Amino acid sequence: MSLSARQWETPDTLHTKEWLRRYQRIRQASERLCQPLCTEDYVIQSMDDVSPPKWHLAHVTWFFEAFILVPFQPRYRSLDPVYDHLFNSYYETHGVPFPRPRRGTLSRPTVADVYRFRAHVDAAMVELLESPPPEHAAEIMRRVELGLHHEQQHQELLLMDIKHILAQNPLCPGYRDDLTPAPAEPPGELAWLEHAAGIREIGHDLQTGFAYDNEGPVHRQFLEAFRLANRPVTNAEFLAFIEDGGYSRPELWLSDGWQQVGQADWQAPLYWVQRDGEWYHFTLGGLRRVDPHAPVVHVSFFEADAYARWAGARLPSEAEWEVAAREAAGNVMHGNFVESGHLQPVAASPGADAASQLFGDVWEWTGSAYRPYPGFRTLPGTLGEYNGKFMSGQMVLRGGCCATPADHIRATYRNFFPPHARWAFSGLRLAREA
Amino acid sequence: MSLSARQWETPDTLHTKEWLRRYQRIRQASERLCQPLCTEDYVIQSMDDVSPPKWHLAHVTWFFEAFILVPFQPRYRSLDPVYDHLFNSYYETHGVPFPRPRRGTLSRPTVADVYRFRAHVDAAMVELLESPPPEHAAEIMRRVELGLHHEQQHQELLLMDIKHILAQNPLCPGYRDDLTPAPAEPPGELAWLEHAAGIREIGHDLQTGFAYDNEGPVHRQFLEAFRLANRPVTNAEFLAFIEDGGYSRPELWLSDGWQQVGQADWQAPLYWVQRDGEWYHFTLGGLRRVDPHAPVVHVSFFEADAYARWAGARLPSEAEWEVAAREAAGNVMHGNFVESGHLQPVAASPGADAASQLFGDVWEWTGSAYRPYPGFRTLPGTLGEYNGKFMSGQMVLRGGCCATPADHIRATYRNFFPPHARWAFSGLRLAREA
Amino acid sequence: MSLSARQWETPDTLHTKEWLRRYQRIRQASERLCQPLCTEDYVIQSMDDVSPPKWHLAHVTWFFEAFILVPFQPRYRSLDPVYDHLFNSYYETHGVPFPRPRRGTLSRPTVADVYRFRAHVDAAMVELLESPPPEHAAEIMRRVELGLHHEQQHQELLLMDIKHILAQNPLCPGYRDDLTPAPAEPPGELAWLEHAAGIREIGHDLQTGFAYDNEGPVHRQFLEAFRLANRPVTNAEFLAFIEDGGYSRPELWLSDGWQQVGQADWQAPLYWVQRDGEWYHFTLGGLRRVDPHAPVVHVSFFEADAYARWAGARLPSEAEWEVAAREAAGNVMHGNFVESGHLQPVAASPGADAASQLFGDVWEWTGSAYRPYPGFRTLPGTLGEYNGKFMSGQMVLRGGCCATPADHIRATYRNFFPPHARWAFSGLRLAREA
Amino acid sequence: MSLSARQWETPDTLHTKEWLRRYQRIRQASERLCQPLCTEDYVIQSMDDVSPPKWHLAHVTWFFEAFILVPFQPRYRSLDPVYDHLFNSYYETHGVPFPRPRRGTLSRPTVADVYRFRAHVDAAMVELLESPPPEHAAEIMRRVELGLHHEQQHQELLLMDIKHILAQNPLCPGYRDDLTPAPAEPPGELAWLEHAAGIREIGHDLQTGFAYDNEGPVHRQFLEAFRLANRPVTNAEFLAFIEDGGYSRPELWLSDGWQQVGQADWQAPLYWVQRDGEWYHFTLGGLRRVDPHAPVVHVSFFEADAYARWAGARLPSEAEWEVAAREAAGNVMHGNFVESGHLQPVAASPGADAASQLFGDVWEWTGSAYRPYPGFRTLPGTLGEYNGKFMSGQMVLRGGCCATPADHIRATYRNFFPPHARWAFSGLRLAREA
């Protein structure tokens, strides 16, 4: 379902049933993602950046409670006032969040309690959505839409975090054992697609549907002419970098990246292991041989940047990527998203004259630091902490990945991670001066 | 059941059924301790020193597998070879143990898997115990006895760790809600019991039944005359120390202790919180008001030492404690152990002319560093790592506590923790020069 | 002296004497800066980012040895081969640098040895500059020019580091006691200067004289219309932020900044101390009362960003700053540089219709992350490590400061520091949407 | 000079000139030790445990100022009140000490200032010692004696710290270049000397001359029969341990020691380096080949303990060592002390029937944790912090070393360091059960 700008502005015209169906569909999707888990899997925090799956399920629920039910539903009663502390992620103006690195010390509320919390909030939300108070209906619908996108974002985080949790375990448990690898086809020679210089409009126009605050406002950027690769870098190509000593040649690396390589003893992408001379990697389907034709994934910005330098190329800026993505996709974004069921990037056979896999498969590191666009304004109130306060120390990634819900992505969508992070499904596409 | 020296030396005379009953009784006790837990509680590692309950259950089982079944039962097949890595605690000569601080990242094997592992090993152990190969029977029985004491030790650790895990949680969940506090009776004025100077025999005589290697050999020590308090320090007494500025007066503290106070911002024993001017503490029965008459518990050696200095006294040496305990107890050790069901130290009313509560209630910090006795020999082979290698950086505690199984303690029993540790049920008893 | 592009390209036309004079002038300036130091001051490394003054003096000398004398002067003999290890800062492709955080453990070479090293290299450089081998003359002159700019950069670092070193000392020793504070005049109300939208050329044209590689190439950027403050933020203005609770309101801060505030307990700019209700700050002239009219200095990017948010404004992008600086300055950069002898920002009285203090006084934090311009190429070989490899995790500052040599600055000059760094002479100027 | 108990008790009978000579002799010895230093060497703190030499010179001076001049010399004026903060090492009840790990950030007071401080205090001390106020004379003399022993202790620390400072430097500068290695003679086979079981008096009798508080009171200990090696372990012997894989066999190590080996990547004693298959070590005379016959030095307690286990022996207890030392030495302690001018342990040729090198050469690790003797009392007031508060986490060493002043050592002297420390001149002597 796509919500047109008119509907957004005049929610009274929106069919109630459609909103409800959407709410229920997305809420159920989160729970479906967790079906393959054991109770124990829900509890683990494998590193500070990872949250226990049950925390994710509770936090996205808290979002609806804190920002919609408590302010707009006077009859609403919370199950436990401590939840407001436990499941606040980082909203400092709302209250003191429970310390992030301690999320893995919480055995209670139990998984069953969390599902009860979800049902409790869902019941109240359904009631509210069926007859929203007219004076708040517009604001409620805005927050519902934000809350649903927020939940979809956490669906991807759930898969990233589950993968990281299971990967720590010497038993190598798969998340699902019914995932079959995609057929491995050679993607063909990399081709370069030209883009002329000129002034381009970048960013999301709020009149045309939902986007996060950080995607706007629309503004002009001048782009010098550039060339963009027709597909992401593959495992085979990345392996050539490894075999050429990529991880031991300081001249290929940013200074911070080189320090990171040494400290963490990086020798390959995250989840790669070598056994008897063969490279394997841990996937959501368990340990598999690395598919040479699939896009490389779980590389940091530092590795992406070093690879590009080694290849005599560079990473695209986020504006370059956005221009190419709009040209390639129009308004239709095909790709290997979570719905395809691979949960792993797959090889593709692009033509030499069109960019492929811009959406799905792997988030593509850009060369752009995550900073506000000219004229950027955060949302009012506590929700202003959603995106804006993270605009330092991070790099932008674009395009979604094999764990992203298909209707969650946009050409203007700005994802961001610190340059050393690797547990996202992150890969890269090369760019060059024209 | 108490095993006489003769039985130990000639296991063939031991009734098989008695051994089996003992094995089963102690193994079942571990599982009974875990009955009040939710599945989620089994998974948490709240600090590096704490292990997830399911890890405890699996590790004590691995002990029987690794040291008895694998060497002495050729037909035995392990459920998963990785368990030998996951559940090896610290036996470096056996294999590379899974890193201790990462135990909380293991969602698998699940709790159900761990119980299956226990059943699998128990079945094999029962079979072995029913008809041990005669040429190995003596060694097998020695290791069974060690393994059962090892499991009892972990029963106490389970309660310590469960308490620590639950205490992290702002929901303050109790381990059991059917624990009723003991009646609080004033213990009366502290009295001093005199002990004359002289040569004393210290340590356990291996001819008289089981003991850990670190309790022997028997050797002579000369003790100058000393006086020992007739009971442990109470919460009311410790509160007087707090109120006299005990935590802010450097002259009362060892240098390392003072540094620890500052770094960790200690202002009271572990688990104490002040609400509206009243002191509460977290217990296995949930948050309770501090009982002034009960022995203070969850203090570190540093706090015990500072309290003693403040009180114009000192901690007893472990030899002094042992001499007093033998005089007081003979061979019968009464006390508030795990079987009493309090799971918390309780007030007692000692007479002024006899030492009370030497056993049970709280482990009593001594002033003795944990070092080998003259002539100490570790067990042969990998089991030599059981105790000896920890003989640096730790202090000795004596007497057991409210979480110790009654038949696990001895007058010669040497427990040990680093001087800053507080999550054991540790308290203190004062001593003085005569 | 300004070197025209023609001279750069055809160094044979450059008067040898002029080059020599320049070399000697800049080399002597470094030593003159160190004259007020005691021998002991030369040795200290007060934090990892700071280098001992004698290390600076030796490192800039090593630069000439390693990149000019060794490759181009066959007769040159180094004083000690270990110096090539000790004084290599971060050129990984040249050799393994001595670890930066250990520079403060080197008592030898002594200060006298370092001056001998300088004289030794200077003698060889003078000889080389008097008769450079014609086939290498162009490259030599390019590297001399780079080496001299490098040394000027370190002259500013010397003052920053000396200030930091002396500030650690409870004796509060001044660097010089002959520095008199500038007269404190109120700078008048802040005024906003408009800049229209349009395509602008940004960056340095290599045809027009020396610049670092990171300042080029010239490229086009589209700037939306913006307004820029006519002067930097003053101490009085920053004090209003402090008094309005600026350091305790999370909604004003980037997330990383807020964490930093908490960890480091920031409550004011670096070097500020409150005594009897008055604010003082440590300066190179010792402890002084804070001048309300002077620009605030020693604030981090995080503080600058939080101040701007509090003030309802933002930081300018580096392109906006550059456009304004070119309009304001033409080719002439006046300002409070190191030559003015204040060694501290001073108050100014700008007109309301022109930007003042763009150059000198304080480096101005921009909102731009330090990343390469489109088409950026590093210098060939080891010198390529000079700038490019630091292009992650840092923010750009513009305009030079009271410790910068006047002939070292340019409108295109890109300085950079991590967002938490405060020991540079860093301040801010506000910008706004038009 | 040896001060008899009578003199100590009745200082009025002590010849003033003798006291003055002693004061001046010891004070001058400190300065003489520093003569080979460059000014820069005085400033360095190469690790947290090391203090800059000028800090040592000032701190021992502060001791006389703070504990004698300020309380007993009303006319005394300090040079700078901040010195009392800077040069207080750890006396928390005296004031807040300047943080130890920051001592290396202090360029001021300069070396010359420190010598001025010494002269200033010396002048006042001389004046006081020439005519002490009779009512305080006894206490003054007690404190002078303590202050002089304190200064001698720091003379050894000076040499340890200077060695560590110079050893960090890739230039490998020697402290003195006029130190000639002692002739290397094979010490002969190790022999075991028997000691019968019995009650022994341990500790220093305060009636018989000066000792630190931690050496008393005299008390009885029962020692089981034991055997003690006739000499320390040599480099050749320790090399056999290394070559037998000593540093890679966990069964030889205490658990904390094994962890330390891994973390710090220990493969040999501190200061050892292998070049072309030969072992060298850094000495105060520069880098030298390891002398196989000399006692091994710069090993930690962990290494000493592991070596002893490998050799089928153990470390002596401090009581065992003291008994043997008293028998061997009577009241005369010969040995390789600082006065011998080697500043490095040297080989000796002991007879097989007497213990050699108990004093001097290397501090000998004992198996005893540093804890108070029965009846131990600290000095009254702030001086009580001198020794007692360090009685946790450390092990006792006995006998002095090649950097100890000969008249500073006693058979009862208890030195102590944490079990991982290696920068003292620490070695070991083996013991065994009889």
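Chains: A, B, C and D, in written order; residue numbering restarts at 1 for each.
Here, contacts are C-beta pairs under 8 Å (C-beta built on N, C-alpha and C of every residue); 3 or more make two chains touch, one makes a residue touch a chain.
Protein identities per chain, from UniProt: A, B, C, D = Ergothioneine biosynthesis protein EgtB.
These figures come from a predicted structure and were not determined experimentally.
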Notebook entry, point to check: Tell me, which chains sit next to both chain C and chain D?
Noted result: none
Check: If you walk touching chains, what's the least steps from chain B to chain C?
Finding: 2
Next item on the list: Tell me, please, which chain's centre (mean of its C-alpha atoms) is farthest from the centre of chain C?
Entry: B
Next item on the list: State, to the nearest whole Å, the distance from the C-alpha centre of chain A to the C-alpha centre of chain D.
Entry: 60
Margin query: As a quick test, compute the distance in whole Å between the mean CA positions of chain B and chain D.
Written below: 38
Checklist line | chain A and chain B: spacing of chain centres that average the CA atoms, whole Å | finding: 47
Next item on the list: Name the residues of chain D that each touch 2 or more other chains.
Entry: none
Item checked: Chains touching one another, given as label pairs in label order -> A-B, A-C, B-D, C-D
Notebook entry, point to check: In their complex, what parts of chain B are in touch with chain A?
Noted result: 38-46, 54, 80, 82, 85-86, 98, 102, 104-111, 165-166, 168-171, 173
Item checked: Residue ranges of chain D touching chain B (in the complex, touch as defined) -> 90, 92-93, 197, 199, 219-222, 224, 226, 250-251, 253-258, 301-302, 305, 314, 317, 367-369, 371-372, 374-375, 384-385, 389-393, 395, 419, 433
